[in-house]
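Okay, structure first, notes after.
Chain lettering (A, B, C and D) follows the sequence in which the chains are written, and residue indices restart at 1 in each chain.
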Amino acid sequence: MAQDLLFSLYILVLAGFLGHHVISKVPHLLHTPLMAGTNAIAGISLVGSLVAAGGDFGNVPTILGFIAVVCATINTVGGFLITDRMLRMFKKKKPGAR
Amino acid sequence: MAQDLLFSLYILVLAGFLGHHVISKVPHLLHTPLMAGTNAIAGISLVGSLVAAGGDFGNVPTILGFIAVVCATINTVGGFLITDRMLRMFKKKKPGAR
Amino acid sequence: MESENSLIGFSYLVASVCFILTLQFLSSPKLARRGVLIGVFGMTVAVIGTLMKPEIVVFKWIIPGVLIGSLVGGAMSAWIPMTKMPERIALSHAFGGLAAALVGISEYVRHDPHELTAVTITALGFETFFGFLTFTGSLMAFGKLQGLISGRPITFPGLNAINIAAFIGSLVGLIVFVMHPEMANIFYGICAVGIVIGVTAVIPIGGADMPVVISLLNSYAGLSSSATGFAIHNNVLIIAGALDGTSGFILSMMMSKAMNRSFANVLFGAFGTGDSTAAATSGDTRAPQYNQGTIEDAASTLEAAQSVIVVPGYGLAVSQAQHAVRELGQILEKRGAKVSYAIHPVAGRMPGHMNVLLAEADVPYDQLFDIEDINDDFAQTDVVLVVGANDVVNPAAKTNKGSPIYGMPVFNVENSKTVIVLKRSMNTGFSGLDNELFYLPNTMVVLGDAKKTLQKFKSELETRE
Amino acid sequence: MESENSLIGFSYLVASVCFILTLQFLSSPKLARRGVLIGVFGMTVAVIGTLMKPEIVVFKWIIPGVLIGSLVGGAMSAWIPMTKMPERIALSHAFGGLAAALVGISEYVRHDPHELTAVTITALGFETFFGFLTFTGSLMAFGKLQGLISGRPITFPGLNAINIAAFIGSLVGLIVFVMHPEMANIFYGICAVGIVIGVTAVIPIGGADMPVVISLLNSYAGLSSSATGFAIHNNVLIIAGALDGTSGFILSMMMSKAMNRSFANVLFGAFGTGDSTAAATSGDTRAPQYNQGTIEDAASTLEAAQSVIVVPGYGLAVSQAQHAVRELGQILEKRGAKVSYAIHPVAGRMPGHMNVLLAEADVPYDQLFDIEDINDDFAQTDVVLVVGANDVVNPAAKTNKGSPIYGMPVFNVENSKTVIVLKRSMNTGFSGLDNELFYLPNTMVVLGDAKKTLQKFKSELETRE
């Protein structure tokens, strides 16, 4: 148990430091897509929801899992789509145009 | 086994990304201290050497371990000292002086 | 601990790397879309990996769940107007929090409590508590932004104390629960407190402070995801949660700093009316002192300008004037003027808000400038066009030590030859403070909805061609 | 797998965080020393944690080992001159590689091979191979830098092919070894190949390319540490190895890029003579065409200058002129001139080489400028003083498409009013290329050892006061 906890802590600490560096490099320009994008990524909790909804653990876990699957899918599908929709709008000045 | 490997890979990948971000932020000014400093940190292999030198595993491992302890200690002690010696030399212009 | 064969574990490692790359690519507008693709790929790999788990035996709930979720998520993303992004993001935090909390409950229900280790129990407690808190808190934030709930701070003496007590109470409850994991009532009690605190902690915060709240809830959602990862021993959840959490935390810090306020002040200060008409009276008494410009005056000034800087603010979003401003800009450019856009880090109501709106209207992002890059150019500029911005151009932040926004970085618009301000009334902005810029001799205020005013400028200029 | 109680594991987590912070603090010269302290703390925690391991039963080897190591390390650090830093770093890579390799062998010897998993076996193979390669490779690099071995590329046709074959051979050996871990001879064979490749891969590289080699060996040392971490299931080793490895890799990439050469060219190109006198003949034939200045001429020019930029290069390190240049700079400053230092990323023979030397001579670091920050200032500068730099001020990099250094960023020194070049002869620098800067009308070459020349400038200026 302690070993597992320790490993998880390592991952958390490294990912936390990494997050700090990666996020600080995102320019103001893209802060709204960043918010939408991290949302989409956090939709990875889908992974936990799928196990709850698809396992054979009785009614309550399954129904809770089903709702969780819906919510997480909304986030991940919706999040990636809206991020892309926003990013598509960011254009550099065409060299020809003035 | 596979589980262990996977965990080690996670650590390696996260630390590799993190290293990339952290190192890129070090200015040219401090590249020599950086080389000395990472050297000192890599002296952490001392941890493996200590087990080899202090365990009861027969002569060969112990002697190898002893040499390794000497080498790793040179690196870590020497590395931190020389890094600090260099960094001590970096000074900002005193506001009074011209 | 979930059984995992190494292929499944490897799929999660791939997903983790993809998510890191997604965020890394967001450092450049040119590469960012590639990052999204990589993220989608990672998510797909992780889902396929998960579906290979032996625990998953029935698909009759999974398939409709994924379908419904995709449809709703797709629809929400395709049709939501860009001006509603803050609301959209609040809502998705609510979904994220709910999903995490429900997974937590289902994990608890389906295990014999004594099979679970203390680490898992602690993680489940965190996960559900922060999950529910994020859920209701984000719903409140959404309600305030949408106007479903009054934007004013709703509070009474002692509310903060009660909230803090409830928070500590649930921590104590968690400790008891770890020692007696069979006491389900304590677990559900913790859930209930999370639900309640989400409401009572957000209600007393002013509507206009919601962006900071949303970002903070973002970091709680991240915390909750990471806790899920600890509970079900899943590294990709820990990593995604940590990335999400740091992002929310960094953005909320950035906003408080740019507003020159402390976190504590945002959360407990009951600041801002969230309702700009509230300050109407104070503004009206000073009405006589400012130059009110007509459409014709302003058009003549613009016509003569060689260089124009547009400063958009929250009012641009309110009146959806992004296309109108772009069209006016193009006309001015065709007449030979240099047009730039000065974007303040907290202009609007969300980090990056103005950038997205202007990008939507096809303004190239190399015409958008951060405050550090443009603040020295105002002195050499003929006309500054302030479109629904107020606090971010308030000189009191530089000159008036007593002002609550003193120290916040603001644009030096008053250094330019002429400032044209578009707003509907002499009301205050987000911070409820009067703005002496509007009363300076080189400022011309054109009252009216920003979009309509801009369109009138445009037709006026076109008739003069 | 080593037995570990959670306290020991936790000590390694603390150490990992400390090491990350050490490197993070290195991003600012003000905080960097604090980072070193944190690193020392982390190392101490990790060592104390390790000593608590139940496997460690005798201290009779540990205590003298640590004592000897500390004394040697301390002595080496306290007395080594700053100009010898490249040598110092090469030597410490050798120690690091040897330590990793020996730990690898001892791990193998003390276990029943069939107890070891395939992962451990693979990791041990990598660890010892790269450990030994780093060991002998770094010793060769040290020898070349110190002049113990000829700096010229020592090579013969087919050597690269033999090296590559040996490398592939050891990979194949590793695969066999993983399948038959009891075959110790294969293991020792891999070690032997590592030892040999370290020599044969470095010998054919020119002495002046050693810095890139050293950085690359740094990343191999990191790889070897990480592999040790995989073998003994120790995360702090994996993390420290990854940090070390990325650092070496990034620095070697940076150097090749700044030299405008590919990695492959450095490793297999047998570039550079490492011996500047070798090109003496080509230089001498052009001797008549340059303005040779006397001490007095140069002193008069410096006396009249309002702004001086010093461009130090490898020759500054050779003649140990850092203190002399600082003293001259102070005299010029006292006379009212503005003195700055332009530091090229690959000036000298190691990244950051010039910065350390000038810092040693007490030049404040806010007078040191990177190429991007100063390159536009040369045009407004009265005098540029080139102290033992050559390639980094070679205009051929900008103008001559045929030159091997074409495309490498160089200082625009020729744009200034006067350039004073200090060198001992008309020989070429590291790249072996002639430098037309020396033959321009506004360039004055003062021949002689840089330190002595600078001291003469100084006394000349002092007599004129």
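Everything below uses one rule, namely that contacts are C-beta pairs under 8 Å (C-beta built on N, C-alpha and C of every residue); 3 or more make two chains touch, one makes a residue touch a chain.
From a predicted model like this one, the values you see are computed outputs, not experimental measurements.
Visitor: With respect to inter-chain C-beta contacts, which pair, B-D or B-C, contains the greater number?
Guide: Result: the pair with more contacts is B-D.
Visitor: Report the inter-chain centroid distance for chain B and chain D in whole angstrom, where each centroid is the mean of the CA atoms.
Guide: Roughly 16 Å separates the two chain centres.
Visitor: Suppose each chain is reduced to the average of its Cα coordinates; what separation in Å results between chain A and chain D?
Guide: About 41 Å separates the centre of chain A from that of chain D.
Visitor: If you average the CA atoms of chain A and of chain B, how many Å lie between those two points?
Guide: For chain A versus chain B, the centre distance works out to 34 Å.
Visitor: Which positions in chain B touch two or more other chains at once?
Guide: Residues 5, 7, 10-11, 14-15, 17-18, 22, 25 of chain B each touch two or more of the other chains.
Visitor: Residues touching two or more other chains, restricted to chain D: which are they?
Guide: Answer for chain D, listing residues that touch two or more other chains: 20, 235, 239.
Visitor: Show me, using the given definition of touch, all chain pairs that touch one another.
Guide: A-B, A-C, A-D, B-C, B-D
Visitor: Looking at the complex, which residues from chain A come into contact with chain B?
Guide: 7, 10-11, 14-15, 17-18, 21-22, 25
Visitor: Chain D touches which residues of chain A in the complex?
Guide: 2-3, 5-7, 9-10, 13-14, 17
Visitor: Give every residue of chain D touching chain A within the complex, in rising order.
Guide: Touching chain A: residues 4-6, 9-10, 13, 16-17, 20, 235, 239 of chain D.
Visitor: Under the definition above, what is the set of chain B residues touching chain D in their complex?
Guide: The contact residues of chain B facing chain D are 1, 4-5, 8, 11-12, 15-16, 18-20, 22-58, 60-94, 98.
Visitor: Which residues, counting only chain D, touch chain B once they are in their complex?
Guide: 1-2, 12, 15, 19-20, 22-24, 26-27, 29-30, 32-33, 35-36, 39-40, 43, 46-47, 50-51, 53, 55-59, 61-62, 64-66, 68-70, 72-74, 76-78, 80, 82, 85, 88-89, 92-93, 95-96, 98-100, 102-103, 105-107, 109-110, 117-119, 215, 218, 221-222, 225-226, 228-230, 232-248, 250-251, 333, 343, 345, 350-353, 355-356, 359-360, 362, 364-368, 370
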